[in-house]
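Note that the chains are named A, B, C and D in the order they appear, and that numbering of residues resets to 1 at the start of each chain.
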Amino acid sequence: MLLTVLTFLPLLGAMLVAGLPSRNEKVLRGITVLVTAIVAVLGVVLYNGFDGADPAAQYVAQADWFQLGKIEVQYLLGVDGLSILLVTLTAALMPFVAAASGGHIKQRTREFLVWLLVMETGMMGVFLSLDVMLFYFFWEVSLVPLYFILGIWGAEKRIYATLKFFLYTLSGSLLMLVAVIAAVYGAESTSIVEMTAWASEQPLSVTGWLFAGFAIAFAIKVPVFPFHTWLADAHTQAPTAGSVILAGVLLKMGTYGLLRFGIAMFPAAAIEAAPVFMLLGAFGIVYGAFLAMAQTDVKRLIACSSVSHLGFVVMGMFALTAAGVRGSVLQMVNHGLSTGLLFLLFGALYERRHSRSIDQYGGLAACVPMFAFFWVFSMLASVGLPGLNGFVGEWLILLGTFQASPWIAAIAVTGVIFGAVYLLMVTRKLLFGPVVHEENRRLEDLKPIELAVVIPLCAACLWIGVAPGGPLGKMDGSVNELIQTLDGLREGDQSAQLNVEHEERAR
Amino acid sequence: MADLLFYLMAALATVAGVGVVVARSPVISVVSLLASFGALAVIYLLAGYQFLAAIQILVYGGAVMVLFLFTVMLLNLGDPDVTSGQTEPLFHGSRRSLIGLCTATVMGAAGLVAVLRVAWNEMPSVLAIPEGGLDPLDQLAAQMFTRYSLPFEAASVLLLATAVGVLVIAKRNRPGEKAFPSRAVAAEAAPTAPAAPQPASKPLPEPGPEPEEVLS
Amino acid sequence: MSVPTEHLLGLAAILFAIGMAGFLTRRNLIVVLMSIELMLNAANLTLVAGARMHSKVDELSLAGPILAIFVIAVAAVEAAVGLALVIALYRRKQTVSLDAVSELRD
Amino acid sequence: MNSLWLIPALPFVGSVVCGILHALTLKARKANPEAHGPSALAGFVAMGAIGAACVFALQAFFAIRGDTTSVVSDPWAWIPIDGTNTANVAMLVDRLSGAMALVVTGVGLLIHVYASSYMKGDPGYAKFFAYLNLFVAMMLILILSSSLVGTFVGWEGVGLCSYLLIGFWYDKQDGWPAVAGQKAFVMNRIGDASFLLGMFLLFTQLGVGFDYSAINEAAASRAGGADNGMLALAALLLFGGACGKSAQLPLSTWLPDAMAGPTPVSALIHAATMVTSGIYLVIRLNPLYAMAPDVMYVIAVVGALTAFFAASSALVQRDLKGVLAYSTVSQLGYMFLALGTGAWVAALFHVITHAFFKALLFLGAGSVIHGMHEEQDMHKMGGLRRHMPRTFATFIAGAAALSGLPLLSGFFSKDEILAQVFLQGGPMYLLWGLGVVTAMLTAFYTWRMVALTFFGPERFDVDRVHPHESPPLMTVPLMILAVLSVIGGVMGLPHVVGHLFHVPHYLHDWLEPVTRAGDQILHRGPAPHLADSTEWLLLGFASLIAFAMAHRGFHTHKHGLIGEETMQAKHPAAAGVLSKAWGLDEAYQKAIVAPFKLLAVFIAVVIDQLGIDGAVNAVGRSAQAAGTKLKRFSDGSIAGYGLWMGAGAAVLALVLTWMGA
């Protein structure tokens, strides 16, 4: 029941906002913030009530949905160790996004808020669905609001970016749809648990194709190199709220999908594909960093940094070690927080100066000290300074990858250096040096509402950085189960190989 | 005797059909079509479908054909040369006509081949025609109002919609009046409608008979 | 009448082909509409032929004629609408040539 | 002993309080630009925090005398890695970290006192102390952590503070300090990446987690084993981290640039504490390094080369702080040279004495710069001894210690290193030779610096600049450090000297529990020492060259710039190369930074935009092009539509007929 409320309360809120006679934007935004805040509180309640040691899905909500031939499609929501953090992140992030939207959404506010709430329903549904048809439904639903948010409230090249984003991710989705249909007809069930059980009995020739279908769809969404070019455009053109949601949650749908449908559902195929994905991840880290270094558009730079950070997530996940997977799941949250913060902060700046170009700034530390403080804080969280959230995730991922493949970890570790290079560079060019443009002197520092948005997120960064045991503990059960499955498969492989060798020797 | 009549009528229908297609004047086309319809009505009668034959004559020969004839006359299309002052080609360009002809030939050939390939011998080809024909009215009505009541109602709705629709489409636009409820079309039509001279000075009759009565 | 079914069907095929030829080659919209009527009649003939073939003395097959009646009704409708359109077209373009109608583009 | 947590926690709290004070000051300044707000409190808060930390460090220090050699706090289960392993952090005070903690808090306290006066009037006064306290907290975490992970936290933390403090005056000099800070952070990060890999390698190879005690034990138990290549690699990678932090070749170029920060920062971070953490790490893991003789050799060579490279660069610097910066790099090289020969104690000894005298020199330099109204160029100084006598006196003490004049602290610690290298024999004689040459250069440039600054004619505009002695808050720390620099040597007298006075090598005995395992592996017993006669000989030799070169350096420069100009005129090429520090920085710019920038642009523009995105857009465009082609079929002519429909129907009919349906 809790999960149903969590998922559909935003939709109710959307209807309320859409139908309310009031034209006062403050009232509408207030309602939106209130609704998302209630969802956030429920998310925290869920987080606290979740038992991390239990690998099974919890808070399950189940009802019959419709019949598809012999197959019973269900309305099946549940939360487990792989999704709990992302659900909490989504719930927690939305009120801040809604509150911060006041600064930059000046037209068609009602529509915007409606789309925002619809989006929350879609994202919640994606993370909570345990039925693949339901998952696909929510997956596509979450695509639409961003399409409008990007297309209506975006910057000057928004139509291009919107079309690219939509077509790119949709083509991935369709590939996934093929895989979904194939898997559903094979398994004669749409429940993820039952499909996993079915997949475990299939030969690699079957699961390999299904894995590829799912993996490419999610890889586009993540985005994994070389499918990343839509992201830079989408991020650059999106309004602040869009960028934050995109970085904070939407991209995590891709990584979450890779974990849930790629690795957990087809572990044998994932083991085979792991080196490729690890390499792609590691390459993405370095590549994204180089891209970021060459950017002069701050939002584009942050977008490229996302490519780099998500390379870490993908790499850690496909290390298929406990440390790697745990770090990867945590890093999804971390990236959501720190990159979301960077977008929020730069959005605040953009509202004041209406320029994304890096040379329009400089020396801001003297003009807007509070902004500078929080920017440096977020930047450090993103760089992965110990004591802040980014470090814990990156460290676990690198450790996990090192256990799986030291060479790939050695490539990825250069990302730690390059990450510092481009983030420090943009920080220096924004904040330090003399003030070049006179209009920057009169910039207004962060307003109370902006502080109210930024401070809790920074606190969350600090909390995860200092005491990661809490969030990491929530995924103990699920990750351990996953790793046991993988270990079982790998041992099976080895013993099979040994048997073969044994027989050959016997001959 | 009846067989001979059938082949005669078949020949008539075919020739008249060709006449429809090749005739220069639409009036001749209409008359040819009427002949074709009549020939078919005779064939229905020969085959034992009396009611159908009656309907064919009434609806096609009566209503539809009159409609066609009225239109042709109204638009003064009896002689194509008169309309525009120059002879317009009857057919599309030669390439397109060729493709069309080929297509039609292929279609007909395919139909004929299909007819020839099926083993019809086992089917009864001769049937004694009973008293009320092969479509006795009582049975037809019983079926129409029970089993086929839904399509029947749908057809009546369709006819009603047609009556209204035809009224809307064919109604003459008076200046300052919107021709169509649709905004986009009206916007496009508005500048042209008053500018275009109205050659047909006589008001057009409301097109379309009341087709409902045909069925009842 | 002892004409075999295939002859009825053959006639229908020929008529259909003639109608189709007219439909595809003529420029005059009214003639095109008439060609369509011809094709519809050919279809009716097949229905009749089929019904006749499947009828037994004590058990008549009525689906054929009933469908034919519906076809006739719909054909009447089609003719009415088509001709109304022809009139509307003539009012706007002073012609009933098919080439004049290309609004479907764009 | 959970009060151990207080040692880093107190400065941390102090930092937060100072940060809040800074925020309040900014708020007050918004109303009235001249207002100081509560920022003046920050100095007291910061000093109080460091002082309290110092007290707790002392308490812990006294707890580890006698038989108790270490005390540990409860661990903080920081990162649960997987089902079984957890990266714990605990505070560990043992003979090594206890001594380091005292140095950090002690010298740190003095520098805080000094800075409270030095930074007076700066708009970022409170911010400065927030950073400085944060630095001390991070440094203490680095030192006191019982595990590699904890050390890494401090390791990156001090890097951050270094970045912030170097860039403290980010808007001065056209933003140069910010660039320097960035450079320092990135260079450190290169080392940190290596550190990370080393840490992971140890974790996977030894499988005992990250605790130093466990790692050392496991490493020692593998001593003599055949297949220790991976452990050696781990040791080398960790040394890579140490290179970054301690500014050794090839990662040395950031430290001279780091002088863009305020002088107390240079004294605290870039001389006394942070830069020595590399040495600390190697001593901490001495059994591991003892097992990898090849790596030790690498360390020794890197150390010796760095020492020589930096000392030679220091010869011609005009910037007072620049000389000290290169000198620091050079002295750090000595320390690594010592580590490379297994002379752990000598290295730590030099760390401590260096902390005293280099902090003193930096603070003295700061006092001079302060008195000269922010002038750093020695060519525009001269004759200052008359204007700032206290600074002059203490500076002389520091210079004497640095140049290794006999009986001062620097003399003993440096001599112990050279003696240990000499003891190794074989190819190590080469390194010893390099060390001796470096010692000569050191004496020369030190006294050149003293002569140019305090002696000779006054080369500044007397009307504009009025050099003045600094206030007592600045000079008192100088005096305390001067005393320590002079007498600091007693903690580690060479044994021949010690015998004379019946004094043991205190530091050696003190550190014995820490270095025992390493010495055991290296020497199968306690570390040996030189024969008495050789040692006397070396001591005499060292004194001689120190005096000789100091004299040379002093006399060449005491009459102003003439001596220097003639020398540089004689060897213009050498002077050019040395003033650019062998061109290393430029080489990096040309060979690494510029190509990387180019590569980044190439990737972003050519590969990404034209290549990958071009392909993506090409897919889109090809769909569009196909649409344009296909559009011709739907030309709007009904006849055309009918034709295609009919053709389609015919084809369908044909197919169906064909299939016999």
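The rule is short, and it goes like this: a contact is a pair of C-beta atoms (placed from the backbone, for glycine too) under 8 Å apart; a residue touches a chain by one contact, two chains touch by 3 or more.
In this text the structure is predicted, and so the values were computed from the model without any measurement.
Most remote from chain B, judged by the distance between CA-atom centroids, is D. Chains B-C form the pair with the most C-beta pairs in contact. Of all chains present, the one whose mean CA position sits nearest the global mean of protein CA atoms is A. Centre-to-centre separation of chain B and chain D, using mean CA positions: 97 Å. Averaging C-alpha coordinates per chain places the centre of chain A 37 Å away from that of chain D. Chain C has its Cα centroid 60 Å from the Cα centroid of chain A. Separating the centre of chain B from that of chain C, both taken as means of CA atoms, is a distance of 6 Å. Counting only residues that touch two or more partner chains, chain C has 20, 23-24, 27, 98-99.
Counting partners per residue, chain A has no residue that reaches two or more other chains. Under the contact definition stated at the top, the residues of chain D that touch 2 or more other chains are 639, 643, 646. Applying the touch definition to all chain combinations yields A-D, B-C, B-D, C-D. Contact residues on chain D toward chain B in their complex (touch as defined above): 639-640, 643, 646-647, 649-651, 653-654, 656-657, 660. On the side of chain B, the complex with chain C involves touching residues 2-3, 6-7, 10, 13-14, 17-18, 20-21, 23, 26, 29-30, 33, 36-37, 40, 43-44, 46-49, 51-52, 55-56, 59-60, 63-64, 67-68, 71-72, 74-75, 77, 80, 83-84, 88-92, 96-97, 99-101, 103-105, 107-109, 111-112, 114-116, 118, 120, 123-130, 134-136, 139-140, 143-144, 148, 151, 155, 158-159, 162, 165-166, 169-170, 172-173, 189, 192-193, 196, 198-200, 204, 207-208, 211, 214-215.
Across the complex, chain A meets chain D through its residues 163-164, 167-168, 226, 228-230, 287, 290-291, 293-295, 321-323, 326, 362-363, 365-366, 369-370, 380, 385-387, 391-392, 395-396, 398-399, 402-403, 406, 409-410, 413-414, 416-417, 420-421, 424-425, 428, 431-435, 468-469, 472-473, 476, 480, 483. Those residues of chain B lying in contact with chain D across their complex are 92, 96, 99-100, 103-104, 106-107, 110-111, 113-114, 117. By the touch rule above, chain D contacts chain C in their complex via residues 634-639, 641-643, 646.
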